[in-house]
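The chains carry the letters A, B, C and D, assigned in the order they are written, with residues numbered from 1 in each.
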């Protein structure tokens, strides 16, 4: 089971999914219309490390986070 | 009469001279051996304005200052 | 040396504490950057969400870069609401020499704006409105689209 | 907004005073640069001479440049002796936006080092020794040689 969290302004409860990689996650989220704009502009972290490609294998217990555009300061 | 002041580390009493321009001042100071190194590296102000050329006429009451290399902070 | 506070920062106290912490470290330059909430577009204030695990690792990577140049970084940021003319952010560099400190504070603050996992909301008419137009997509965003 | 003090600066107090002076001016960025006396080459401290008339006009020219960019500068400097780990210099920029402040503090501090009529002496073995090797000839020097 992989946990998917939506950070900051993304108003969505976290998910628990049986997925093996980020491409599977992408397919699931693309079916959620409200997520479309966030998929465009959000970064992705796996276990709190930012990743730059979908070719990431996921294993049981992994945590995925979506990070929308930031503005600290 | 023109007053000439030596600022910061230049150990020299100020002078009162009858000079009409900075070229005359240069000639006088070049005859002072202890002033040689300071003439190389000092800037010149007339009435507290830095000047970049010797072609400055001086009139009675003007104040000239020599400013050696600086290091604030 | 990353400090998170609920609400506005006590700027004089933080600047004093940091100065005193490094008083005997033989640094020649101390450059704090203080960010204060400006009155614009009729906002009453700003509000911030922070995702701490990634903020911590981002900060640690910068601290390591600073150390390689003989410098040290400190940072404070607010969580939640910060009203007009209050401050929400302080970053500071200490270094032996001024050039490193001047360059580092600029690089650090710019990367902070582009990368630190903090989200800003305008407080307006009692609502908390995500400041999307002033926000920056983190490098590598969009891989799930 | 140019403050000269005999001896070391009270850094926390000055940073606090300046912050509070501009608390309602709607500046978004406040960047002080603090210069502290480092232990090196066996010095006991530093000592400073200042020629105020030219320092004042140099500072006023910078204040005018700052104003044109919507910013304001403040500066404090010590006269006389400042011992190890004490501070002798603070420059600060306030501006609405961060880029102007980050660029301005760098330009200001560099020009200060190159142009401000202040002379530095090492305090060593009870003597006051002009720090010629660390000093910079003001632009246009040498016209009388």
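We take it that contacts are C-beta pairs under 8 Å (C-beta built on N, C-alpha and C of every residue); 3 or more make two chains touch, one makes a residue touch a chain.
Computed from a predicted model, the values in this text were never measured in an experiment.
Removal of subunit D in thought splits the touching network of the remaining chains into A, C | B.
Subunit A and subunit C have CA centres that are 25 Å apart.
Between the CA-based centres of subunit B and subunit C the separation comes to 49 Å, rounded to the whole angstrom. For subunit D, the set of residues touching two or more other chains reads 35, 98, 109, 113.
Shown for subunit A are the residues in touch with two or more other chains, namely 73. Contact between chains, per the stated criterion, is found for A-C, B-D, C-D. Residues 11-12, 15-16, 19-20, 23-24, 26-39, 85, 96, 98, 101-102, 105-106, 109, 113 of subunit C touch subunit D in their complex. Against subunit D, in their complex, subunit B makes its touches with residues 7-9, 22, 25-26, 29-30, 39-45, 48-54, 65-73.
The touching residues of subunit C, counted against subunit A in their complex, run 35, 48-51, 53-54, 57, 77, 88-89, 109, 112-121, 130-132, 134-145.
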